[in-house]
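First the structure, which I've put down as structure tokens, then a few questions once you've had a look.
By written order: A, B, C and D. Residues from 1 in each chain.
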Amino acid sequence: MTSRKLWLDVDVGVDDAQGLMLALAHADTSIVGISAVHGNVDVRKVALNIARILTLCDRIDVPFHCGADEPLTAAAMDASFFHGLDGLGDVPATFPAYSDLKLAAAPGHAAVHLAHAVGEHEGELTIVATGPLTNIALACKLCEDLPSKVGRLVVMGGAEAAGNVTPTAEYNFHCDPESAQLVLRKIPQTLLVTWDCTIKHALEWSWVDAWLSKPGAKATFMRDVMAKSMAYEQQREPGVGWIACDPLAVALAVCDDALLESEPKHCVVETKGTLTRGMSVFQSPGGKAALKANVLLVKSICMARFAALLDAATD
Amino acid sequence: MTSRKLWLDVDVGVDDAQGLMLALAHADTSIVGISAVHGNVDVRKVALNIARILTLCDRIDVPFHCGADEPLTAAAMDASFFHGLDGLGDVPATFPAYSDLKLAAAPGHAAVHLAHAVGEHEGELTIVATGPLTNIALACKLCEDLPSKVGRLVVMGGAEAAGNVTPTAEYNFHCDPESAQLVLRKIPQTLLVTWDCTIKHALEWSWVDAWLSKPGAKATFMRDVMAKSMAYEQQREPGVGWIACDPLAVALAVCDDALLESEPKHCVVETKGTLTRGMSVFQSPGGKAALKANVLLVKSICMARFAALLDAATD
Amino acid sequence: MTSRKLWLDVDVGVDDAQGLMLALAHADTSIVGISAVHGNVDVRKVALNIARILTLCDRIDVPFHCGADEPLTAAAMDASFFHGLDGLGDVPATFPAYSDLKLAAAPGHAAVHLAHAVGEHEGELTIVATGPLTNIALACKLCEDLPSKVGRLVVMGGAEAAGNVTPTAEYNFHCDPESAQLVLRKIPQTLLVTWDCTIKHALEWSWVDAWLSKPGAKATFMRDVMAKSMAYEQQREPGVGWIACDPLAVALAVCDDALLESEPKHCVVETKGTLTRGMSVFQSPGGKAALKANVLLVKSICMARFAALLDAATD
Amino acid sequence: MTSRKLWLDVDVGVDDAQGLMLALAHADTSIVGISAVHGNVDVRKVALNIARILTLCDRIDVPFHCGADEPLTAAAMDASFFHGLDGLGDVPATFPAYSDLKLAAAPGHAAVHLAHAVGEHEGELTIVATGPLTNIALACKLCEDLPSKVGRLVVMGGAEAAGNVTPTAEYNFHCDPESAQLVLRKIPQTLLVTWDCTIKHALEWSWVDAWLSKPGAKATFMRDVMAKSMAYEQQREPGVGWIACDPLAVALAVCDDALLESEPKHCVVETKGTLTRGMSVFQSPGGKAALKANVLLVKSICMARFAALLDAATD
């Protein structure tokens, strides 16, 4: 059996880190490359964080690249209040400490490398994007036939009801609406994990506690980087559990059986609204306007499989 | 006991006609005036339709006025596909026939009359608006302290989930978003019946059939004017029942006990979006931004009372 | 010979005051009414300033009315830095002192009175508007056939090259772009005096000095109210002279012979631009799009006649 | 003496072809690369046209690359009415005939190659852009420090008074306003040749006639490809002469002495306006807002030098 080829586009970010570790721990997954994108923190910090995760997981062979340092046309936003100033909970001395990192991003812009990788692994590459979609949008601009060559795109982004940064918009889409709209328009084979979907598939705090209590460097690392945002979440909405956005998308990317239910939708991202900029607007495909389905909206994920995949990430 | 003073702002329209007839039949309601607004059909046709209802109900004493013939700043839209070219199902000969009407609108713009009436009945007038909010917006522009003098405003408009004319917007708000936004900003004592609320409180077809089978001119009139849109509805969504938008708002305006449950919300209308123009965006009041509640969102209406009020309308 | 019937819509303002006094001094002009609009200062202060001018000129017979206290849909702006906090140079004790004023605005909204006056003097009324166009826009909304009944509309507003409050927009249009666009769309018989036109027809400082040195209450009043803005102007652009915006429009309204040269243009006001909101965009009429001329753009005014009319204002 | 290093970004187009030939004929210019961008015609046709010019001029050594096939975020526009369906006057058999072309674009996206070249020739590369600015914008997105490494950017684009495709906008900026805005914001060392500037520096028809009457393949080629657009121009505005937009920018890029007069300006491109999308808004640098000069606006070009440079192009 051949392993699935995966590209991860991340703005690490505590939950991006969880996603990365999940993918690195998955036996049947071959990681072709990782790209850093602006978002939770500055793109240079994101690259550092990727280096930290690869060092932690002893996978310094995996190539990674710096990408977009700002949205396609929008002004950059700051989001460090949630994931910490360094994106990983502000515990710089936890192993592997920033001061000891030896790994650096490979030269060249991530979007160029991504476009190249899609061509090299035509029809076989699964891209999973858990930050603003700027790198994916740039790769589309650089390579006209990228959409037809991508195997699948799994995106964490968008909201079906209320958003998480504005009344109508989710963070990744709101941060760069032009890129989100461009990517959804260009790549119809997109599997979409929305904010609503991640709320519905939150992990119970008791599960998280057990997960973080395991021995070893990976669990220790996870416990330390999560401390800050867990405290924030438990105080904000005690009953909901840990909303693990990004690892859900990665789990669906590496394991087809994790997807229990999905719905084809026509999805467009609003770029002009005063109150609705970055909102994902969903419609049923077909109808008088003959709307095409350009996303497969994830409705239900197998929590047992997801928990197992995430558990393996800190073994 | 003194009766409630009511002003109706309508774009008749079959369901506006139902609302008008409900109000005219309600014993404890004193109708101070009726204003015609563009919407389902041209404002002149709306005025004719008001004359027709008043003639049918033998209430030619009630003053009515022509108002806005177009949105505040937006271009006018056509909506006659649903309620018929004349707004009342295209049955011109049904009693009272258009050709026999003797009643005409009183001179002067409806917004001027409305502003005057609010001043005259300070704190006592309930306005119920079941069309685009252009007249109410103009009255606000003409009379700075109108908001503080209005007793209550009941509006049929807005959508909480999907809209009925665009993926995000309900007809009355989409037709004149600038007026909707202005009115909600100026008049915080607004009771809002959204499109979602009206779907939730649809009338069963069996009830409608019985209602239309009564003897007498009013039931005959209602049966004839509803024929076209009923056929459309029954074919489009057979299981839902008759979505009686406007009479729900009128029922709440004349009868406090019809309101079972409501929720204070901060509501703003998007005017700039490409896909979201006319969308009503709801947020919880309070929070960091100290948002004020400017609408009372109707969640539950007593269907027994509503059915009784509507039933009386054709007696 | 019958005198010309005139309505003045003003946001007094030093130069609006000059325009008012010019009109009041003109023998062949019958002033039907004056309306106050928000702009240079709050509409209530504008009404006070109208009362002050009428008292000064001993014309307390002229009816005046309070109008719009804010733009049609836009948020209000503050412009008191130029004309003073009271709009008339902050010299409250100069005769007639604010504290001695006995005159008050007639009840009812100015737009209602204006719409009524247009109907009463069908085809004969010249409206001159020297503030934001909110009152004229509201009058158009209240009276569908107002445009066909207005004799002529003379507007001070718009810019052909650079604006005076933004790189592209003139104050009156920028203050309420929606009203400006609506009025130009509805009333094609508009004579337009732009910011560029007023620069081209500035009065030399030597002329102004002589004008203000005349004896009498009117010249004294003018000298006092102009002191502040003259100092500002002489320091900002010493060589240009006094840019007398509003009285130019009034002079053209009362005296046809003052207009030497004009050009028919298609003019649209931009309402959506980030940098260009309120910009007046001019095009040649005709062409493939068959554009209609909706303004007569003033290119040249007889300065001798203008100076004579203005001189008479302080006699 | 060392020659100037030049990169040409073109949407050939008859006048782009003139610019290319001017640069190829200039002794002291070393052409580092040429990039094709969408615009007058499809980017693939533009690449073919570059191949044709290089073949005509016997310079098949010069590397060229395909770039953006559409604007950054906007929808593509069609402009083939002016320069012909193939961009070069629809004379496919004129030497070198399309059917005989052997040259092809080098692989890889033009923006990647451009970013690489800027780094390799740090501080020394002059970029001249005579089409929509999409490639330059993408190169900026791919290489954060590109702006600081570019020697100079010469752009044909923007308008000071009226535009040439809308009342306010010039073609290259209107075609991709987001890219134009991004490039002017990122690269302050931009020399700007506007539509107004090109009108002011049109070539007299008598000069053009003489130029096209020379013997040889280059003059024959130029005569044939210009035939269609010359006829269009002579009929549209007989007195103006040939408005040679693009070669003016190229002339300024290769010859410093051709620039007689320029003015530093703060220039922003409007992206949101209904009537003003793509408009270049100019302001004086400095002032209260401390605006920075980001363009050097070309006011006067030496026509003798320009004519000499252009003449050499067909020798």
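In this text, a contact is a pair of C-beta atoms (placed from the backbone, for glycine too) under 8 Å apart; a residue touches a chain by one contact, two chains touch by 3 or more.
As the structure is a computational prediction, the values presented were derived from the model and not from experiment.
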Duplicate of the A-D contact set - from A-B, C-D or B-C, the pair where over half of the pairs recur: B-C
Chain centre separation (chain B, chain C; CA means) in Å: 40
Separation of chain B from chain D, taking each centre as the mean of its C-alpha atoms, in whole Å: 58
Distance from chain B to chain A - Cα centre to Cα centre, in angstrom: 46
For chain C, residues contacting two or more additional chains: 271
Touch-based graph of the chains, sorted into line, ring, star, complete or other: ring
Chain A - residues contacting chain D, complex: 68-69, 72-73, 109, 111-112, 115, 138, 141-144, 178, 181-182, 271
In the complex with chain B, residue positions of chain A that touch it: 161, 167-168, 268, 270-277, 279, 281-283
